[in-house]
Every structure is written in C-alpha cells, then in structure tokens.
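Written out below as structure tokens is the structure these notes cover.
Read from first to last, the chains carry the letters A, B, C and D; within each, the first residue is number 1.
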Amino acid sequence: MKLAILGGGGVRIPAFIRGVLASGAAAFDEIWLFEPDELRRETTGRLAVELGAALGQPGVVRLTPDVEEAFSGADFVFSAIRVGGDRARVIDEEVALRRGIVGQETTGPGGCAMALRTIPVLLSYCDLLARCAPGAVLINFTNPVGVITQAVSLHTSVRVVGVCDTPSSALDRLARFLGAERDRVAFSYGGLNHLGWITSFAVDGEERIGALLDRYEELARFDHVFAAFDPALVRRLGAIPTEYVYYFYEPARYVAAVARAGASRGADVERLNSELLDAIMTAFGAGGVNDAWAAYSMLMGVRRDTYMRTDTEGENQQAAARARRRAAGPADPGRGRPDGGRPGGYEGVALQVIDGLTGRSPGEVIVNTRNGASLGFLDQDDVVEVPALVHGGGVAPLAVGPLPRSARGLITQTKQYERELVDAAVSGDAGLAALALALHPLVPGVTVAREMMSEYRERHGPHLAYLR
Amino acid sequence: MKLAILGGGGVRIPAFIRGVLASGAAAFDEIWLFEPDELRRETTGRLAVELGAALGQPGVVRLTPDVEEAFSGADFVFSAIRVGGDRARVIDEEVALRRGIVGQETTGPGGCAMALRTIPVLLSYCDLLARCAPGAVLINFTNPVGVITQAVSLHTSVRVVGVCDTPSSALDRLARFLGAERDRVAFSYGGLNHLGWITSFAVDGEERIGALLDRYEELARFDHVFAAFDPALVRRLGAIPTEYVYYFYEPARYVAAVARAGASRGADVERLNSELLDAIMTAFGAGGVNDAWAAYSMLMGVRRDTYMRTDTEGENQQAAARARRRAAGPADPGRGRPDGGRPGGYEGVALQVIDGLTGRSPGEVIVNTRNGASLGFLDQDDVVEVPALVHGGGVAPLAVGPLPRSARGLITQTKQYERELVDAAVSGDAGLAALALALHPLVPGVTVAREMMSEYRERHGPHLAYLR
Amino acid sequence: MKLAILGGGGVRIPAFIRGVLASGAAAFDEIWLFEPDELRRETTGRLAVELGAALGQPGVVRLTPDVEEAFSGADFVFSAIRVGGDRARVIDEEVALRRGIVGQETTGPGGCAMALRTIPVLLSYCDLLARCAPGAVLINFTNPVGVITQAVSLHTSVRVVGVCDTPSSALDRLARFLGAERDRVAFSYGGLNHLGWITSFAVDGEERIGALLDRYEELARFDHVFAAFDPALVRRLGAIPTEYVYYFYEPARYVAAVARAGASRGADVERLNSELLDAIMTAFGAGGVNDAWAAYSMLMGVRRDTYMRTDTEGENQQAAARARRRAAGPADPGRGRPDGGRPGGYEGVALQVIDGLTGRSPGEVIVNTRNGASLGFLDQDDVVEVPALVHGGGVAPLAVGPLPRSARGLITQTKQYERELVDAAVSGDAGLAALALALHPLVPGVTVAREMMSEYRERHGPHLAYLR
Amino acid sequence: MKLAILGGGGVRIPAFIRGVLASGAAAFDEIWLFEPDELRRETTGRLAVELGAALGQPGVVRLTPDVEEAFSGADFVFSAIRVGGDRARVIDEEVALRRGIVGQETTGPGGCAMALRTIPVLLSYCDLLARCAPGAVLINFTNPVGVITQAVSLHTSVRVVGVCDTPSSALDRLARFLGAERDRVAFSYGGLNHLGWITSFAVDGEERIGALLDRYEELARFDHVFAAFDPALVRRLGAIPTEYVYYFYEPARYVAAVARAGASRGADVERLNSELLDAIMTAFGAGGVNDAWAAYSMLMGVRRDTYMRTDTEGENQQAAARARRRAAGPADPGRGRPDGGRPGGYEGVALQVIDGLTGRSPGEVIVNTRNGASLGFLDQDDVVEVPALVHGGGVAPLAVGPLPRSARGLITQTKQYERELVDAAVSGDAGLAALALALHPLVPGVTVAREMMSEYRERHGPHLAYLR
C-alpha cells in the first residue's frame, strides 16, 4: 500500500511518520513525501526520512520534489499543503483584524483568502492524480477543509474524504470527563467543518447530554477547550459546540483578545515554524536525528500547548509553555507513547479512514463528505461534517438528528458562502469572490467584503492573480 | 364598526384620520384614540379630533385616557404604542452604535430592547381586550412588528395580524418602474418582518424578475430605496431584498454612515417630533385646525423625505427637505390627494386587512401571521411575513416559493432570536434576554450581548425592571 | 370577452348557457360552442343557442364545427370533451368491473383509459389554441381533471386551470349543515382531484371540524354524499374525505353495489343521454325551445338525483327520480332559480376563476394547478387540487396544512401514477401505460394491469391506436 | 454471555444451535431455550440440546418451560414466538384468500391478525424481561417484524432490534450475480420490513444499479427470488424491490397462484412441521441424535427449497424438492458447511447485531429500528428497516437516499397502518383494529375490513378475546 503526502515537508509530518511507523497503525509499504521547497526537504523532510530509519524501517519513507513520482500508483494521498506559506496566513488574518473582523486561519475572511489561494492549486494536483492513480483516495486536511473538500468533490473525479480531528477530539474529551469507555458511546454530531455541534452523547444506551450540560462549568475546568463557551448559552442550545464555533459565538471577544495579545495565532505560528526549521537545521549540523527530534518535539509541544490561548485568553502563554517543556527534558524518537504511539490529531483520523476503506477495521469516523440525506436541510451534494460508516464499500453518512435551530441557520448561511466561494475560485471571478465573502456570517456587509477582497488580491500577488 | 387605537396620540394619527375620513376607505362608525399622555392628547390627539369635524364627520373621532372605554365593543384595534417614547429609541440605538454595532429602531440590539420594553405592556393590554371585546382583531404596527406579533400570537387569545407596508410598498414601486398595473402582478414574497425578499414578479402571467435584476442599476436610480443594495449581490441572489435587509447586508456601511452624519435616525426623529408637538401647540394657540394641519404636514413631509437618508448616505438631508417643503406651501386639511386621500403606509395595509376580514373586499395582503405551511423551513407557529388571502373567514397564508438559501439561513437564525426573545420577555429572565440577543445575526457574540443587555437595563430603568 | 367551449354540444351546456345569461354571472360578449358532431349540434347545441335568444340575448351564443373559428381571439376556453363518447365510458368501466376492480369514469382503470384517449386530442387542441389565441386561459373540466391538467401544464405553453366542484360543493354542504354563512368559513383542503380531504373548517375564527366529526352520523343523514363513508374511519382520520375518495375507501363495497344494480353509472348515463338527445329532437320537431327545455331539464334532473346512488347503494333509483321530477312539472327556461340562476357545478367554479382572473372579483377558489409550495410532500410541478387566490395577476395556491398521513400516502402513489400516465400518453408507449396503471392504488398488480391495458387497446380501437 | 430464546422449540432452532456452536460465530456461555409446549420440548428442543453435546459443548444449551429462568441475567433475547401456532397462520391466510385478498403470513390481513395475537403476549414478556434483565437487548424475529418491533419500541423500556434477512440476502445475491466481493459493496436500501427497495449498489465505488436493471431478465434467471417481478416495472422504478414487495406488486397474480396450487404456504408449512415433529419423535425413539438430525435437515431442506414457489408459480413443488433431498442423502450433524457453518438467515443477521453491540465486530447491519432522521418522510419514532452502524454504543441508522416516489407512497400508507394497528392492540379496541386493517394498501375498503376482523375474532377465539 502506497501513501503519498502533498506537503510532505510540513511541520507535523515527522511526528506523523514516527507515530505511524512506531505503532504499526497502518500497513504502508511506501510513504512518499512530496515537497517542492528545498529548505523543508532538508529539515522536516530529512527528519521524517531519518526517523523511518531510526525506527528500523529504512526505505519506507521517501522524499521527492517530483509530484508525479509521489502520485504514481498511490492508494491514498494526504493533502496538507499551505499555498503561500505561513506568511500568507499572517496576511489573511491581518486584513480582517485591522477592520475589527475575525481574522482566523479557516473561519471568516482569512479562510476565504486561504481557500482562494488553494483551490486552483489543489484542483490541478487532482487532475494529475486522476491520471497517475485513478483509484486513489484523497484524504484532505488542507484548510479550510470543508471548502476545499467541497471544491474537489464538485469539480474533480477524485474520491475525496475531508478530515479534521476537532469533533472526535471533543468526543474523546467528553468521554474522559464522564469516565466512559469511548467505544460504548453513541453520539450525534453534525454540521460543517469547524461549525459543528454535539447534540447527543449516550453511554451504554443511556443519554448523558443533559448531565454534560448541567455540569458544563465543571467540564470547562476539566478541559480548557470547552471554556471558550458561555455555559448558559450552551445549556440553552441544548448542544455542545465544537471549538471553532467560538469564532461565531464570540467574534468581538476574540478580536479584543488578539488585540490584547498583540499578535494573532498566525504570527505566533510563523515565528515558531521559522525557529523550528532553524533548530532542525542546526541539530542536523551538530548532531543527528536524535538532536533534531528533541528540538522538534520541544517546539511542537510548545505549539500544541499554546493552541487557542491567544484567541480565547488574550495572551499566547508561550513563555510558560517553553519553560514547562524545557523542564520536561528531551524526547526519545524511539520511545513510543503510552498508547503505543498511534498518531492522534487529524492524521489519526485519516488512518481510521484508511483502515475502514481497506476493510481492515470498518467503523464510524467523522468525516467531511457529500451530505446525501444526512442533514435534511442541506443539499445532497453539499459537503458536510458528519459521522459516517467507513468500510470496504466506501463512506456512508449516518442520519444526523435535529440540530438547534440557530445552528441550522448558521450552517445554512455558511454552506452557501462556501458554495459561492467554490464557484468564484473555479470561475476565477473576483467579483463573485467578494460577494461570497459578503455572505459569511462574520463579515459585516458587501462594501467591506469588496474592500477586503481588493486588499487580499493586492497583498497576495501571484497567488490570487487568477481572479479577474 | 368601532376602531380603537392604542397610541392614539401618535404623530401619524392625524394623517391617518384625515385619510380614512376623506376617502371613505373603511366604514368606521367610531374611532377611539386612547392616549395616556396629556401633551399628546392636546396636540396630535386634538388635531385628529378637529380634522374629523373639519371633514364634516364630527363625533366619529373620540379621544380618551381610558383604555377600557376605547376597547369596549371594539371590532378592530390598532396598536401603535412606543413604550418609553422617542427618548428610549435614542438610547436603544446609542448602546449598539457605541460598540460599532447596528443601532436601529427594529433590527438588532435596538429592536431587541424595544421589544423587551413593549411585550409586557402589550400583553397586558391584550388581556384587557380579551375581556372587553373578545371578538376584536388586533392589528399590530408596534415595532418590531414580527417579534411583538409573535408574542401576542403565542401568549394571548387575541386574534392578531401584524402589518407593515415595507413589502407592499416595494411591490408598488417595482410595478411603477415597469409601468405595470399593480393588480395584474403576481409576485412571490416571503420572510420575516423587515427581513423579506421578493423572488418573483410576473405581469399578466409573464415573469419579469429577470428584467428587474438585469436593470437593477436603473431601478436604483428610479427609486432610492433600491439604491441601498449592491446590484451584483442582488443579481447573484436572484431576489430583491426589501429595504430593511440593508442592515443585514451592509452593517459596517450603516455604522460608518451614522458616524458621518453625527446622529442616528432616532435622534433626528426625537427632535422632529418635539418640534412637531410644539408647532401644533403654537398653531392651536394662534389659529386653529388649519394652521395646526399646515405645521403638521410640513414637518411630517420633512420626516418622510429624509427617511433612510442618514443610514444609507451618511447625512440626514433635513435642510434640503425643509427648504423644498416650505417652498411647496401649506397643505389644506380638506383637500384630498389625487387618489382620493386613501391612507397609504401601514395604516393603508391595515385598512386592506379590515376590508378583507369584513368581507367588503377580500384579497391578497402581505401580513405578519402564523406560518402554518407557508414557509416550509419554519415551524407552524412561527409568525412570518407572507402574502395571505384575507377574507371573511380569516387570514390564509399563501404557499411561498423557494427563497435564496442565504436568505433562509438569515431568516432561520433571526426567527430563533425572536422566539428566544419572546421567551425572555414572557419569563422576565434577563439572562435569557442576553442569550437571545447573542443569537441575532448582527450581534458579535455572547460577551458583548451581555454587556449591552446590562446597559439597556440600567439606562431604561423602570421599563426593563421586570427582567431579573 | 370571448369564451370558447370545446365540447359545446355536451349535455350540460344548455343549463350552463341559461344560467350564465340569466344571472349575468360573467360578462361574455360571445360564447362559441365548438361541436364536431352533427346530432349534438342539432339537439343540445341548438337548444343552447335558442335559449340565448329566449333570454333576450340573441347572437351571444354561436355554434360552430370549426375549432379555429371558436378559438380565434378567445379570452377563455372551456374544455369538456369526451373522446369516444358515452360508449367508451361504458367500456372503460366494464373492463375493470369484470375483474372485480373499481370501474369508474375518473378513478382507477376507467380514468386511466379515458386519460389515454383524451391527452393526445387535447394537447393537439392546445397547440392550435397557442397559435389562435396565445393569451387565452384554458379552464379544464375534462375528466380525469387532475391527469389532463397535468398533461397540459407539463407539455404545452397554454395557461391552464383545472376545475371540479367536488370540494367546494362539500364545503357548501358542511356550511349548510352547521347553519354557517359560507363566506365566514376558513377551511383547509388539499389533495388531488377526486382525492382530497377537508382538515379544518372554522367559522368566524372558531374551529368546527371536531364538531363535524363528532356529529358525522347526523351529517350523513343530512346529506347523502357524506353517507358513503364509515363514520368511525372519518373520525380516526380527523378529516372529511370528499366524495370520490369513496372509491379508495370502499372499492369492494362499490364493486358489489354495481353488481347488485346490474349496470354501472356509465351505462345509466349512456342511456339517459341517448334518451335526452331523442327527446330534444322530438321536442324541436313538435314545438320549440320551451318544450325542448322542459324535456331537457326533466332528464337532467333525474341524472342529478341519481348521482352516486348505484355506486354507494347498489341501485340507480331512476324510477323514483323520474316519478318525482314528473310530478314537479316542467321548468320554464326564462324563470331563474332563487339565487338568480347563477350556474353551479363545475361551470360555476369556472366562472369564479374567470371573475378572479379578470380582476372583477378576486378571491379564493379551489382549483387544479401547479403545486409550487402548497403541499410540501409533492413536487413543484405536480398539479394538485388546492385552494388558491385567483386574481388579476394569476392563480396563487394557498399553503395547505397537514393532511392525515394515510392520505399523504394515497396522494403520493396516485400522483406518481398520474405522472407516469402522462409520460405514457405523451410518448405513446403502451408498455409504460400498463406500468402506470399498475401503480394505481386500486389496481391489484402489474400482471392484471397489462391484461387490462391490452383489452382497452383492443376495444377502444382507433382512440388508443397511437400507443405502441 | 447468556442468550435466551423465546420460542426455543421452534423448528429453526436446531439448525441455529448447530450453526452457532459449530462455527464459533458468537461466544455464548449459555443458550436458554424457553418452550412451554411439551411436544416441542421433546422434539426440536431435545434435538437442539443433544446437538450441543454432539458438538462437544454439553451444558451450553438449556431447555426450560420457565421463562423467568430463561430471562434471568440474559444479555440477549431472541423472540421467535408464534402465538396460536401453525393452525392460526392457516386461518390468517384463509380469511383473506376467501375474499380474493392476499392471505399471507406477514403482509396484509394475515399479518394484521398475527400481530394482534402476538403484541399483548410479547409486551407482557417484555415487562418481565425489564424486571429480570434490565440491560438485555431483545432481538426480534417474530413476524410481522416491523409491527412487533414498533409495538415494543413504543410501549416498553426494553432495547429492541428487529431482524430479517430479506434485504441482506438480496444484497448477497446481487453481489454473487455480479461476481463482486460482498464487503466491497456500498448500497442504499430502505423502507419497512417486507417493504423495502435497493436503490444503489456500488462496487469499489462504481455504481452498478444501472447494470443490474439492464440485465434484470438475466438476474431473474440467475436467482428465482428476483423472478417474481416484472422487469419493465423494476427498470421504470429504478430500484430493486425485495421479495415480499411481490405481494404489493402482484396481489391478483398471487391470489390466482394460491388458488391454482390449492393450498397456501401456511397450509403447506403446517403439514411439513407436523411431519417434522413426528419424524424427530420417531427418530429419537428408534435411534438418536444423528437420525433425528437427518430427518430434520431433510424436511427443513424441502421447506427451504419450496419457499415462495406456491405464491409466485402456483404450485408448491414439494414432490420435486423431496426427491432431490432424498437423493442427496442424510446430513451429518458434526459436519460444518463450507463457510464453517456460520448460521445464515435471520439468525445470522442477529449474530451480526450481537457482534456489533458487544464491540467484537462493529459494522453495517440492516435492522428494524427507530427511524430518527434516516428516512426523511417518516417520523422519528417510526420503526423502519434500514442499514445501521451497530457498535458498542448502540444502533445508529445511516442516512438513506431517495426512494422511488411510488415506494414512498406505499411505505407511508403501510407505516400508518402499522401505527394504527399497534394502537389497536395496545388499547384492545376491536373497532380500531378494523380501521387499521382498512388502511392497509392490500385491503379493499372498510366494509370488508370490518367483516374480516369479525371473522378473525370469531375463529381465533381466546387469542383475540382481548379486543372489544
């Protein structure tokens, strides 16, 4: 079984490679990392390859600047590209934040600009993939996952599954909070990527959502992800929103928090990633894979520890995270995690999809896929984020029970924005792109949408030059 | 047939009385103006009564500070009250505008605060009405019409019809633009009060909505009401929004315009109304009904001419309007308009409802009423704004064709806000009121909603003291 | 205003002409009767023309064998044709009854065969009409009204309204039973032609459907139309079925009743009509219009009095009806009915449609028209039978409230049969016609549907020769 | 893990026991057969117990006349009872067939009478189970499975899953026909028990339903189950009906076939079962378990081979089946089938449910369960037959894509019949039972439904005495 990874030099790749090889989570004969950027190949790319060898599986991980080589004969392709790099993300966020509007990687104007840069590039990779490996399944993590998956689903012949770990991670956390075994849980979840709600959570057939809502303050203390929401609002909804819904429920609080912090998450990540590549380069110069892994895992840990802190708390808390991580000492690349090192995050979800589709372990996975009849208030060909049975025959969405009405309203509007945005990207129509943006619930009107779109086109130069 | 008017000293009442009596539009034997405020009774109230006499119908119009006297034996009741007066409206708008949020009489936080002040008062009038005149029909103009009508519909036994002339006026304007006879038009319109779209406009069986969209720039020049919208957006929607949708499609532009103008519409109206009462008082002191009518009609003309100017153009244009009106000279209370003086505006729509319900002239009227099966994506007991057949048997909503999906999203969210708001007002729960406000599409989050609700409660004193 | 009547020599035409001219119900300048059959022209046709003169309006009613002359410049066209005549109806019924299946003019196999004979003929008239009078509105009474209107609506450019008086007549009867004024009634009715239910009946805003259901036995004694239904079933449904639903709720009882009577309604009508034409011919030979009218009105009275008697009671009761009518003595063509002679029946409904569309008297009429959003469980372009606002702009269906679930099931199946049947007729595909018939709820399977379709094709000769 | 079987002396039980023990399909520590009938205990019951010993697992299978002993501590309960025995089934069928109406075990009047006998009995077992083993899951095969599962689901606290192998068996057959691996198939199936359609059948992501429809004649020759349907009808539907839909698509053909055969399937089965018990008794008398198994498996084979032959072909073909089976020689109870003897049929489906719910092998199983949002046109608490993900958390229905409209009509009507029938059984209201029956699509009216219900009550004596 061959896996190809678009964006093979991404900063999460070494951790994924280590996890998948150490745990035997999936049986890949070859993992091809496609990375056009030389610096990335020499740092994260090299680290990934050498980790393979350190784990006793030399030759499995391969690095290439040639996408056709990566695609050829692939069974699965991961897409984790970032067109324009971290710099573009900073611009995406700034243009919105300057106007007091949510400036965020995936939600609102930032996600819109990112999608516009990405769709033409990914569609052209899909054309190539359809020729090189017609049966391959594309597992998309590229953000904004919902929009990108929608574009591939409507405009290519490639089989695509969009993956994000936000909802499954929330469910895991709820199970931990209740002390329940995760596989005795029956839940109801639905919406779009980064805009989904959990409306039912039953353990051994007994509904516990009421208990979770009643004890929401306690839950928020147990896990800070839930602390972003007003407990009374959550109780009134009768449903637990997943973390990115924060940008819809608290846009003004978010904008104020970023202003207080002095820098957006994008700016922090840009700095962290730059430091990371330098550190890996230095480590390879001085020592070898062990030093590189130590530097890598420390900085990735800081990144993880500070996730959403700026947005909800108004400071990035990097200093504290660094101190904690340094005190914990270096990680050993050969030592697995308590769970055997099976990759978590979205790569973990992707492996579940692969295990389902190959028939190795069919089961329920929350994915971004064509709606069919899953959410009755959306269209059949809308891409939605819902639990699906993933098995040898494919991906079959479950029937999702009723969502809160206000959630249906937000989802309906946001899906329409997504569909219009895909139309704009595919037609290369800048005016349509501005109108799409104007329909986003977080954008205060057409006039300001047109202004932002102009600014994005100016500042993103060649990446948006196709819009006319 | 007896009509009672709650808010009988309102500034629009003299014009309505003159119109209805001069045109014979409806056959009222008695029109009772209930007005608790003495100044209003001595100015607008007195003007209305004396206009009746001047038009040769003395005794038809009656003024009273006693609501039971007004209600007793009434067939129809108009509700046009403003709890807290013009001052409260100014506060409603300021609290939002200070935060860069739409501050408007009916839409957004302003409408929320107004509804919270009004619902308990109107529900208590309804209890009285149910005792004094159990068969009476309440025709509600009190803003926000959708929310107030929803509250009466859910929580009283009174038959209620909410009325607003926004959509019918838009349809009249479109017919004029096309040079079509209004009664050869078949249209499709639907939504909520101040949140509705026209999706079809056929003349003699031929669909013209495409032509209207194609010629939208020309239409916007023909009638400035349509100029508030971006023509490309309207074409992409495939539907013509009614004027108040402006606040949803251009919140940032609106906030900037008010800032440029230096005062909100509410502040302008407060000043105009104060001037109006003074001028009537002075005119009655100096002369009589003719002078009072002249002063009244000049200032009401200025008010009408400057409608929405601040919000869309950033200046109120009062100076120009006053100059034009003064140049046109005084109006004669006995002289009818070319159409025989039949009242227009929402009072005109109300008379159509009355003519339908009495069987005098059954026909199609756009009203705010229980949805039933009219808009398939809303609940049966949601109050919606749709065309209905109004006849001797009652009000029967037409089946409304598909709305643009983004409109469905906005309507769904806004209806949920309205339902939560009614729950908050009826239960007197301040926390619930803040959560309701947080669900409004124009409010950027729960935290800011809680802040605004605190400020409203503080500044509106006794009017919101029931919220705990 | 010009009216053209397809089937102008039909037996109901003289009564209609007399009604419309005597009552001034609509202001026709010309009424053209198109009748290709010479015998009909010399009997019923001549009677209609002479009635016009007898009522002091010579020249208004015109008789022609030339359809283009009739259509040219027409504003409205009535269609009341019977392809194959009364004989064909007898065959339609026999083929089904022989197999123990409902054999009825409009419902089940009989209606299927009739539709197959009629659709090609009427579609070709519509092509001609679209050329001769492009703005004309076709008001269709030709049975089965739902299927025929569906065919015209889908496959021609002619504006069509299907009309049947079954539901309005039921509503009138219910109002009479309750002693209510008909125009104070708000009702809910919906379904397909000859397959509709009344689910709400409010008088002056007060719901009375519960009372009607509770008193159903009394209602059935009051009016024998309601006696066809099992009171307990009606109560359990919570809705009052209209009379033709009898064939769906009591097929076995119906088949047994016809067997007991020894002849179907079709056979009775064939004999009555033959007698009628003879009698008119004889009367014109012997005397003049007064004698012809007397003979005509006696036999038409017998026909009306015996309506549905065979089907529900197992005997046609003609002898009793004749005796009663003879005892009552001859009618005077110049003497109006108490209500001024305004035509009732489906012609009366048609005049309401005309009065609405011309703007003379807009209002609510139950019609067969495109569903739009009226019945949420059917498609937009399905023709349904629902109340609509008929006005100068056109026909706008009302939103119809929930129907009993079992009714929705029957309607869904029957509509699908109708759509398939129209496809079969338009494509001329005999196999498809048999499959369509097999989907009818009263047909016990495909095999028997194929057998009946073969027999229809054989026995109807040229009329079904186009099916291959 | 303890399994209890209601109806533990049923004729299918020995085969099930042998299959489950020989194959190790599920890990039962104890299987308790509850059987109140002594003859059954001494024949089929004894055979089941001795097969356990013959397979080297003595003590696992236990036989008891005490239902509390069987239930106590059970994890799963199978229900396969037949209230009134085979004789009652023969009556069920006769009463309908005498009137030319489908007389069938589960569909139409026969199923109605069976449900009425069964519901009170099973509900009372459920009360007991809720006390003896509150967490147990009831897996119901008792026919009519849809109605019985609906009753348990609405009126008890017991977790219930209804199981039938009709749809999964059809899918297996289609896969065999196409030469596809069953676990590479993604399908769409939905409806009610014995009223379901397959609308999609994709192999490795490629849709093959079109090919199956095109080649339907070939498919019908490949497997006689599909031969019951008219190929042109199936193609027009665009969906493959499952076998019991035959009674809806060909009632007249079925009634004629049974008349031709001279006896219904029920009568054949009654004779076969009687012969079977005699043969086992004789075999145990003469020899032992091997002889008993040989006699048993020969007669069960004849039963299987003649399934649906009477209904579709008009003769039961028993003679030929017996000859074939005799020629094949006796079966060996210790010899597994090629697939290791894993039980097929509905017991096989039940084991899949158990394997899913215990977490041993989560996956997709077609079950009868609460609809939730699976079929959008039915209610949330309607029991439907759809694919579901069965896992440790419970049973989660998949979202089922669009069904043919005529199928939706039949399902809607039939579901309403089922709901009314459950109401009748639970309230013990004979009148309501007749009205429920009248709503069944195969019953020609209320009058005949009342007649049949009277006859059922008379002939079933004590079993229906609770209806008043």
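Just so it is clear, a contact is a pair of C-beta atoms (placed from the backbone, for glycine too) under 8 Å apart; a residue touches a chain by one contact, two chains touch by 3 or more.
Source: prediction; values computed, not measured.
Among the remaining chains, not one touches subunit B and also subunit C.
Per-chain Cα centroids separate subunit A from subunit D by 46 Å. Rounded to a whole number, the gap between the C-alpha centres of subunit A and subunit C is 63 angstrom. Here, these are the chain pairs in contact: A-B, A-D, B-C, C-D.
Partner subunit B is touched in their complex by these residues of subunit C: 135, 159, 181, 183-187, 202-205, 359, 362-364, 372-374, 376, 380, 387, 389, 391-394, 396-402.
Touching subunit B in their complex are the following residues of subunit A: 99-100, 230, 232-233, 236, 249-255, 377, 404-406, 408-417, 420, 431-432, 435, 438-439, 441, 444-448, 450.
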